[in-house]
Structure formats: C-alpha cells, structure tokens
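Each structure below is given as structure tokens.
Across the two complexes that follow, chain A remains constant while its partner is chain B and subsequently chain C.
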Partner chain A sequence: MAIAKRQFDAIVVGAGGSGMRAALELAQANLRVAVLSKVFPTRSHTVAAQGGVSASLGNDEPDNWHWHMYDTVKGSDYLGDQDAIEFMCRKAVEVVVELEHFGMPFDRLDNGKIYQRPFGGHTSNYGERPVKRACAAADRTGHAMLHTLYQRNVRAHTQFFVEWMALDLIRNQQGDVLGVVALEMETGEVMILQAKATLLATGGAGRIYSASTNAFINTGDGLGMAARAGIPLEDMEFWQFHPTGVAGAGVLITEGVRGEGGFLLNKNGERFMERYAPTVKDLASRDVVSRAMATEIKEGRGAGKDGDYILLKLDHLGAETIDKRLPGIREIAKKFANVDPVTDPIPVVPTCHYQMGGVPTNYSGQVVVPDGSGGEKPVKGLYAAGECACVSVHGANRLGTNSLLDLLVFGKASGETIIADLKADVQSQQELPADAADLPLARLARLDSATSGETVAQVGADMRRSMQLHCGVFRFPDSLGDGVRNMLEIAQRVQHTYIKDKSKVFNTARIEALELDNLVETAMATIISANARTESRGAHDRSDHPDRDDVNWLKHTLWNKEGNRLEYKAVKLKPLTVEGFEPKPRVY
Partner chain B sequence: MTGQDRTLDRIRWRCRRGMLELDLVLNAFLARHFETLDAGQLDALRELLECPDPQLLDFVMGHDEPDAPAERDIVALMRAVSTGTASAGATTTA
Partner chain C sequence: MRFSIYRYNPDTDSKPRMQDYDIPLEPTDRMLLDALVRIKEHDDTFSFRRSCREGVCGSDAMNVNGKNRLACITKVTEVKEPIVIRPLPGLPIIRDLIVDMSQFFKQYHSIKPYVQNDDPPPERERLQSPDDREELNGLYECILCACCSTACPSFWWNPDKFVGPAGLLWAYRFIADTRDDKINDRLDNLEDPYRLFRCHSIMNCADVCPKNLNPTAAINKIRDLMVKRAI
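After this line comes the complex of A and B, so read on.
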C-alpha cells in the first residue's frame, strides 16, 4: 500500500520539556525539524511538575556540581552511570541560566538572582545537611518551562505536528532508524515521516499501574516503539512510588499531612506504623511507609471491599488546623476521594510516580545497544531524551527536581549530538525499506477488521491491577511469579482487543487501543526484569532479598521483547574527570 | 460521519490533559454530561479547553472563575461532578 511520505532532517517525537529543548537546538541550527505530539505541546505531562529544577547555582549558600553529583550517585543507590551524572551536574548551571535567558519566570531573591529552596536528598558537602538547590517558578515550574520553550521554538520556526501519534519506528536491514510512521488524528491518515535523525522524547509510562500520579497520556509510546523495533529497554524494574496517593484516583496527598499529625490505619483501625517504626511511626521515610502499607494490604488488613487500600486519618486534627495548616487537602479529598477528611479518613495507596528505566542511551543522547562483544554501539539515526530514556542518571532511584534537569541537559545534548552526527555524515536520506510501514499498518488493520474481542478498557484495567498487585512498591517472590504469568496472558489478550467505533477521525478508542500495546510492552519489561533481580536496590524492594547485592547485581538490566530475553551491562562507575564514588550503604 | 460527530470527537480528545486531576474531572464530566450538551455549551467547553492546564485546574477547584457566563456554567458542572473511586485507572472511553 502506498502511503504519503514527508522528509525532514530530524524528527522529535514528543513536545514535553525534553523534546522541545532538543527541537530548539535543532531549529536554531537551521535544520528542518518536525516535532510530533499527541496533545498541544504545553499540555504535555511536564506541565504537572511543581517542585522545581535542580542546579548548584549557589545563589543563597555555597554549593557546587560535585556535591550535586555525590547526592545523585548516592540517591541512585549506585546504579546511576557516573559519567552521565557528572555530565548532568556540571551542565546544570548552564542550562538553567540559559532557560532564564529564554524568559523563564523563575522566583527571585531580593538581589535579583534565582531563588533556591531545599529538596529531599540534595545536600551540601557530601551529605552534611540540606542545601538550597531547587529553582522554581511558583508552583508552576513545569508549566513555565513548557511555555518558555514553546515560545522559543515558534520563534525558531520549529514545525509542530500537533495531535499526531507516532506508531512505530522505521528500521532498515542494517538496523539504522530512518524515521517513524505516524497517525494524524484529525484525518485518521497514516504517513511516513522520514528523517536522518529520530529523537524519542515521549515521556514516562506511569499508566501501567492502577495507582498512578501520571496523566492518561503517559502510555510509554516510545518504549513500545523501541521494543517492537528490537531495541532493548533498560532497568525497567525501577519505578518510584509515593506513599500516599488517593486510592483509585492517584492524586497526591502531601506528606505534610503526616507531618501535621495525621496517621495511617488498617481495616481494623490499628495504627500499624507503630509496629514497623516504633519511634518515628508515620513519619518514617517514604520507602519504609510504603513497604508497611503494602505489607498490610498483602496480609489481608487493607480497608475497603477489596481490602486494597489504607486509611489516612486526620479528623482528630480538627477542621481549623486542617484548613489552616494543610490548605487544599480538604478540597482534594472531597473532589477525588469523596470524603471530607474533617470527619472521615482518606483512602490511600502507594502510588506510581516516576519511571527510572527506559530506552538505553549514552550521555550524548544516542540510543545504544550491545555490540555483541561486551561493549555497546549507537543505533544510527536514533536518539532518546527525558523520562522515556535511561541515560542512566537516576539509576535505581531519582532525586526530586533532577528530572526537569535531565530534560534540559539531555534534551540539549541530544540536539547537539544530532547536529554533529548529521554534519559528519552528510549523505542524503537513505532508501526506505519496502516494508517500512507494514508493522503499524498491520496493527491498524487488525483493529479495523476485528468483529469481536475484549474491550481495550477491560484488558487495560486487568494489566494495571495485575501490575499494582504483583509488582508494586514492595515485591514478594510468589506474587512476582503470579504477575509474570498474568502478564504473559495479558500480552496475548492485547492482540485480540476489539473496538466498536471504526471511524477514522479523532477516534479516541483506536488511539487508546494503540496506546495499550505500548503499555503492555512496558509492563512486561517491568515485571520480567523485576522478577529476575534478586536484590533490593533503590526503588526495587523485595521481601525475600532485603539487601543490596553489589557482588551480583551492580549492573543494568536490558530486556528484549523477543522471547522476553534479559541481558545485563556494567554500570559506568568511572566519571569523566573526577574520581568515582564507591558504592556504600545508602543511609540518610 | 457527520460534521457534528467530528467536533465531538475532537473535543473528547482535547479533554486529555497534562495533569491527572484534569483527566479525572474531565473524564467524569464527559461521562455524565457530554451527550446532553447543547451547541452553546459545546462552544463554551471548547473555549475552556483552550486554557492552560493550571488555569483550568484553578477553575475546577474553585480558585478562579472564567469571565464568560457560559463558561462559568460549564465549570459549575465540572465542579459538581463526582470523580470518586469509580474512575480507577480508567482511560477516557469505557
């Protein structure tokens, strides 16, 4: 079948912070760049980020990139690649100041410099005490960042393809990536977008869990596209959870609630944290609280008709304190949990927040795969940045505010690398293989012709429930095994979904069916990788292997879709210019 | 497919936002009211969906009001709709 084709120098799939930062670099170098996005660029998920972006500007007190590097390596539980972490922390000041010059409305100190505040895990002098390193624009940092980058891109004549969904990568016989096949939602038409460089910047896939803080668009499309094209996914067992998201909704309830005296109850009304952390109780660290909650639920003491949540009680604080000290909590609880916390407890569960793994890249943004002799090599024409990429700077656990930094640093770096790679290799577009669009067309044809089958909603709900139950914040060996079996079944079922609406124009059902394919690839990678990793490190926490095992597991997982095959690669413990930080127990 | 259906489908997709809170509210709003909105209400909804996410969230949470009365009425419906636990992990279409 002949389908329309357009050619560009570079294609960026995704218009969040990472995609737009990369696109800006490319457009300013006068390359012909197309940016695709499922939604209007400033509605990308980056808009939800509030806390800030880290950089050791030292505006309020002494700070430097090496302290930031130490915090990030330690935070990663030593799984982060130290070359990439050095690169990121050194570049932080430059990219944040650059963003300021682009017009980002950062909060300011009286002397006009960017205001900075402390944030969990960021310290001065190698763990001595909290340091002010987070730069924010009120509570709208992500929104301001997207807005600023969008304006700059418009000025630089970046071409946006808004409400376009990339379906699959195009790879030739040599394995080079030649562009993407994409769907224009407005018309339902499929088009080949050919380019010498393709950057994946599709964000995270937090919707694989039923409890997730992520917006519905976070379906891991870049991960699915990579997996189907034979590219492995790295460290997918590592997902960061927040202890208190509203059960069934995912909306975060700030830890301030427990700080003010709220506490957690199981279905028997028992204040169970007293058993797990007798002194600090409900104020124990995030991972301790999450683990206790998961254990209560697993052992049948969860509340609710399915016994699958915990109760957060704060009525004893009284209406006045709640309104005064915890502004907004009452509205959130009423709106998203249907309870007024002045009289009733809020149902909460540990909630998925951030994906540490992703498409493997080096710190220049090139996607890298094993070369067959123990090393790795770039995939020609393919790059990745942002939450969908695994550089890996976050290792087994991300520090707050380091993600927005990751978007800026590696968005820019991948743009620069593409410019350099295209200069070094001035050949014209390669010839497209005859089967360039076969895979996505077959996926669409199946959906268009199916006359019966399961609904996308049903299969999706079962996947999310299974992942939440079997591969959540605290992992039990028997349950992981059940989860693997479940996911193998779900991977079969997703090939037989059925949509009633066969129309082409803005067919949301069709889009969601295509997204579910990507979620299932992500979920599969996650549970297979988690089941194999018999240690606890960072966000991967196993009941049967409670300790980190550096002898056997100081290595990155690579999951391959074909046969669910796992392989491993070494962690880069050697930074670029300084001594590496040796793995040590991670205590705060 | 009629022109009207196209408009509805486009509006439905544009209820996909960058913030989870808005996804939940808009999803519940669509399920409850979408079928019965008249042309004027659809216009108002379309206008509202052009707002940046933080602005729309301010409207929905009652921290701010849109200027246009028709948009205010739609926001009132959004505020009244229950998102509850029923929407657990759901996507925009059932």
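After this line comes the complex of A and C, so read on.
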C-alpha cells in the first residue's frame, strides 16, 4: 500500500507545555516544524495543572537556585540526576520570566512582581521552613501557561496537525529515528512524516490506574512508540500519587490549597501531618503526605461512613482568599464533591497523578540508550521532553510545581538542541527503510480484520484495576507478583481485542484501541520494574523492604520491551558546577 | 437512563438520525460524560470528543436538551430524561457529536491572541499592579469550548464575518492587559460593520458559558472604548 509522505525539518509529537515550548523555539528559528496533537493544543493536559510553576525569583522573600536544587534532589529521594537538576533550577528564573513576557497572566504582588506561594517540599535554606517559590495564576496556572504558549505559537506561525495521532517511530537499521507514522483522525488516513529530528512530548500515562487525576488522552503514546522501537523506558516503577484527589472522582485539588494554609484532618479532627513531618507538616513532599494519609486510612482513622478518605480543611482561609487564590478549587469541590470549601472540608484520597519515569534523555533533550560498554549514547534523530521523558530531574518523587518548570526548561532546551544538531548535520534526509510503516499498518490491519474478541473497554478496565490493586501507594511482594502475572496475561489479551466500528471518519473506537497498546506497554514497564526493585525509595514503597538501600539500588532502572529485560544505570551524583548533595536520610 | 442522541457517520449513513439508548448507569456515573462513556462501552461506533473530564480543556461541549454545555461538569441528575444530545449548533458536522471548529478558531486567531509590546522586554518580569491584573479576571479563564459562539444567532448567520463572543472576549483580554501596547490596532481590527457590531446583546453567550464568563460585558467594554476613541 502506498502511503502519503511529507518531509519536515522537525516533528514534535504532542502539543502540551513541553511540545509547544519546543515548537516555539523551532518555529522562531524558521525551521519547518510539524506539531502533531491528538487534541486541539489548548486541550492538552498541561491545561489541568493548578498550583504553580517553581522558580527562585525571590519576589516575596529570599530564595536562590541552590536551595531549589537541594529541595529537588532531596524530593527525588536522591534518585534524580544532579547535573539535570542543577540545569533546571538555574534556568527556572529565565524561563518563567520569558513566559511572563509571552503574556502569561500571573497573579501579582503589591510591588507588581509575580505572586509566589509555598508548595510541598520547597524550603528556605536547605530544609529550614517552607518558602514561597511557586509562581501562580490563581489555581489555573497550567491553563494560563498552555494558552499563553499556544498563543505565542500562533504568533510564530507554527504548523499544527490537530487531531493527528502518531502511531509509531520510524527507525532504520543503524538505529536512527527518521520520523513517525501518523493517523489523521478526521479522515482515517495514514501518513509518513519524515524529519531529521523527532521530539516526543506526549505527556504521561496516568490512565494505567483506575483512580487517576489524568485526562483520557494521557495514554503514554510516546512511551509505547519508544518501547516498540526498541528504546528502553527508565524508572517506570515511580508513579506519584497526589495526596489530594477528590474521593471517588479522582479530580485534582491543588497542593496550593495547603500552600495557602489549608491542612489535612483525620476522622478525629487531628492534624495528623504533625506526627509524620514535624517541620513542614502538610507541606512535606507528596510521597510522604500520600503515605501518611494511606496509613491513617489503613489504621482506621479515615473519615466518612466507610472510613476511606481524609478531610482537606480550608474554610479558615475565608471566602475572600479562596475566591481570589483558589477559585477553581471551589468550583471543583462543589461540582465533584458536593461541598463548598468555604464552609466544609473536601473529602480527598491519594490519586495517581504523575509519572516520574519515561523515555531516557540527557539534559539537552536527546534520547539516550546504553552504548554497550557501560556508558550511553544519543539515538540520532530522537528527542523527548516533559512528562514522557526521564531526564531525570524528579527521580523517585517529583516536587509540586517542578513539572511545569520541567516543561519549560526541557521544552526549550530540546528545541535549542534540535536547532544545533540540524545545523551541524549537513546531510540530506536519509532514505526511509522499505518497512517504514509496516508495524503501524499491521496494527491497524489487525483491528480492521478482527471479527470477534474482547472489547477495548474490558481489557482496559482489567489493566487499570490490576495496576490499582497491585502497584499503588503501598506495594507488597506477593501482590506485585500477582500484578506481573496479570499484566503478562493482559499483554496477550490486548492483541486480540475487537472493535465493531470499522469506518474511517473520526473513528474513536480505533483511537482507543491504539491507545490501549501504549497503556499496556507502560503498565508492563511499571509492574516489571516495581517488582524488581527491592527497596523503598520516594514513591516506591515496599512492605518487605521498608528502607532505602543506597548500596544496591542507587541506580536507574531501564526496562526493555523485548523479553521484559531489565538493566540499570548509575545516578549522576555530580552536578555541573557545584558540589553534589550526598544521599542522607530524608526527613521533613 | 434514557438518551436520544444525534448520530451521523458520513462513511456509513446517508443522512443523520436520532438514536435512542436506554442504558443502566453505575453509581459512579455522576456526570453526563460518564454516561456517554458508558454508552460507548455498549456501542463503540458512537463518537464524541473528551479529555480532562473536569471542565478545563473544553473538548466535550455539546447541546444537551437544547442548551450548550460541557458534558463533564453536567450532573446526570440535573438534566431531564430522555436526555436529547446534539452537536453544537451551527458548525459543520464531521461525525456524531464531533463538529468542525475551524471557523471558530479562525475567528479566535483573527484577533491576534497574544500580548504585543514593542518595548524590548526588561531583564525581569514586566511589572503589573494587582488591580491591573484583576482586569484580566473573567477573561483569561476561557477554555475555547465554543458553547458561547455556537449559541449566538449572530455567529450562526455570519460565522465568517462576525468574530463571535469567544473571540471578542479574548480580544478584550488583550486590550485590558496593561502589558499590551496595541490597543488602537486592536480596535481598528474590530472597527467594521460585522466583526464586533453584529453583536446584538442577546446574551446567549453569558447564559451558556460553563465557566460563568460574560462575553457580552467584554463586548460592551470594547464598544465603549471605540466610542471614547471617536470623541
């Protein structure tokens, strides 16, 4: 079958924060860039980020990037790569100020500077007390940022392919990436998009769990594409459970609520975080708070008739502060929890929120793989940024507001790297391999020809239930084993799904089936990696190995799809210009 | 729960039809979007857009019992059965509840939706007082769902010439921003019998906005500025 083909200088897969920040860099350099997105750009999941973006602006009190770096390293439970963390924290002020110049409607202090609020794990003077570092636009920071970046791309005449789903990477025999095969949703047509540079900016895959703050579109498409192309996935056992998802609904309630002075209560009305994190209490990092909440519930101190949630109290902030700083939260609480936080606490539970792992990259945004002799080498033509990438700046646990920062810093950096790499590469585009589109066409052909089988909804629901049950906040060895067995079975079942709809035009059943392939790759990487890591670090907490084990496990996991093979690589403990932070016990 | 839903697939249908569904809901299916997802489990040929499921991405705008709404923040208990669901009115239909929004976005793009300022940016942030920043509230929160523009008769008649309530709300968002120095150009861009002045203050836009924004108020402020500029 002959497939239409188009050539570009660069392809960006995904139009969330990192994809659009990179695209802006590329479009402004007058490169021919194609940005593919499953949804209109402002519908990408960056839009749902609430509380803020971190930068040590020091607008309201003293702050500096060294403190930010320390907090991020400590927050990562020392699994973060310190070269990348230094890079990110030093760049923070520049990229946030730039965003303001782009038109971002940040809230303001009386002196006209950007408003900043405290956030979990961000401290002054290496852990002394909470610091105001989160730059915020009310509780709609992600929405404001995503729209601003889209608007700036409109100005730069960036070419968007809206409602196109990338299916698979094109990789030649040398392992170079030459572009993607993609599906135009409106027509159902498949096209090859060829470029010297392909940036994965596809976001996370929080939809592998039943209880998730994530949007329907967060299906790990970049992870699935990378895995199928033989690229390992890094640190996939580390998933962040956000302490405050609305009980039963999963919808996010920002940590900014606690940043503004809200706190958590158990059924006895006790402010229990004082016991778990005596210094910063409710503003400890998310893994710590989520575990504390899960422990309270497990030990019978949960609120509600089934004792299965925790209360988030903020009425003492007063209606005026809530309406000014947390208006979206009030809306969400009324809609999804049937409570008005001006008078009543919000029922919350830890909810899957963020994927710390992803496609391995260096801090320039190049995707890197083991070189066979203990080091690593870039994959020519492939880059990744944002939640789908593992730089790794978040290590075993991400700090709130560091994700929006990650998008800006590494979106921009990967754009700059692509520009430099394209300039250095004077060769014309490489010839496409004859089998360039075989894999995605075979995936589509299977769906078209299947006349019976399980539904995509059924297999997807079983996957989510299994991950929720076996790979949640607390992890148990036997249960992880069951989880592995379930996923091996589900990986078989997903190859035999059936869709009734065989039509071309905007066939969302087909899209959901293709997405499930990617979710299953992600879930498999997660459960296999989690089962193997016999320690507790950051968001990965094992009952049989309750302590962090730096002797054996201060290393990154690399999962390979082929044979579910695991390998490991060293954590970069040496920053770029300053002394590194040695691993030490983590208390808040 | 009983539904009557607009169905049209250009690949398989010669003309559109209304399809009835009677689907048992789970106790966790609290929003209309949950119900639509449940229907799709039974009938995977039913297509609609959705993403964030919390009212911030703007994907799942549709016409529910005659009113434009977001399915994800509409409780199933607040709409009368049988729930009649149609695509947003006035836009070309691609399939089922999925409409072609090109014209809507074209109008949005036409107002130059980005801050323009000829002064070189300072080393740090441009300063803005809290009061000046407050002028942007009720404007920047727009999610581009198109509930308003597709509820506006003026937009139905002249989607190619009238910017529409969403685009005009955004136009005022940039006019109101103290960091933007192109107010005159922006007003020039709207000084035309259609682009702004087709608004007849019917206020359907404000009535349907799922974010409780008021495009009519923004449009009136632009008119005031035009009048002020003329005298």
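General observations
The rule we apply is simple: the second predicted complex is superposed on the first by the 482 of 588 C-alpha atoms of A that agree within 3 Å, B and C clash if a C-alpha of one lies under 4 Å from a C-alpha of the other, contacts with A are read in each partner's own complex, and residues count from 1 in each chain.
What we mean here is this: a residue touches a chain if its C-beta (ideal position, glycine included) is under 8 Å from a C-beta of that chain, and two chains touch if they have at least 3 such contacts.
Keep in mind the model is a prediction, meaning the values are calculated, not measured.
Partners chain B and chain C clash in the overlay (superposition on chain A). In the superposition on chain A, A:347 makes contact with chain B only, not with chain C.
By the touch criterion defined above, A:169 lies against neither chain B nor chain C after alignment on the C-alpha atoms of chain A.
When both complexes are overlaid on chain A, the residue A:95 reaches neither chain B nor chain C. When both complexes are overlaid on chain A, the residue A:335 reaches chain B and chain C alike. In the superposed model, A:506 makes contact with both chain B and chain C.
By the touch criterion stated above, A:523 is placed in contact with neither chain B nor chain C.
Once the two complexes are laid over each other on the shared chain, residue contacts for A:393 go to neither chain B nor chain C. By the touch criterion defined above, A:215 lies against chain B and chain C together after alignment on the C-alpha atoms of chain A.
Contacts of A:464 after superposition on the shared chain: chain B is touched, whereas chain C is not. Within the three-chain superposition, the chain C stretch that clashes with chain B turns out to be 205-213, the only such case among 115-123, 169-177, 187-195 or 205-213. Contacts of chain A with chain B, set against its contacts with chain C after fitting on chain A, overlap at residues 39-40, 42-45, 47-48, 140, 143, 147, 186, 215-217, 248-249, 251, 328, 331, 335-336, 455-457, 503, 505-509, 512.
Those residues of chain C whose C-beta lies close enough to touch chain A in the complex are 9-12, 28, 30, 40-41, 43-45, 47-59, 73, 75, 94-96, 98, 101, 105, 109, 112-115, 121, 123-130, 132-133, 136, 140-141, 143-144, 174, 177, 179-180. Those residues of chain A lying in contact with chain C across their complex are 39-40, 42-45, 47-48, 57, 97, 100-103, 105-114, 137, 140, 143-144, 147, 151-152, 154-155, 186, 215-217, 248-249, 251-252, 328, 331-332, 335-336, 455-457, 499-501, 503-509, 512.
Per the touch definition, chain A reaches chain B in the complex via residues 38-40, 42-48, 140, 143, 147, 163, 185-186, 207, 209-217, 247-251, 328, 331, 335-338, 347, 455-457, 460-461, 464-465, 503, 505-509, 511-512, 515. For chain B in complex with chain A, the residues that touch the partner chain are 1, 5-6, 9-10, 12-14, 16-25, 27, 52-54, 61-62, 82-94.
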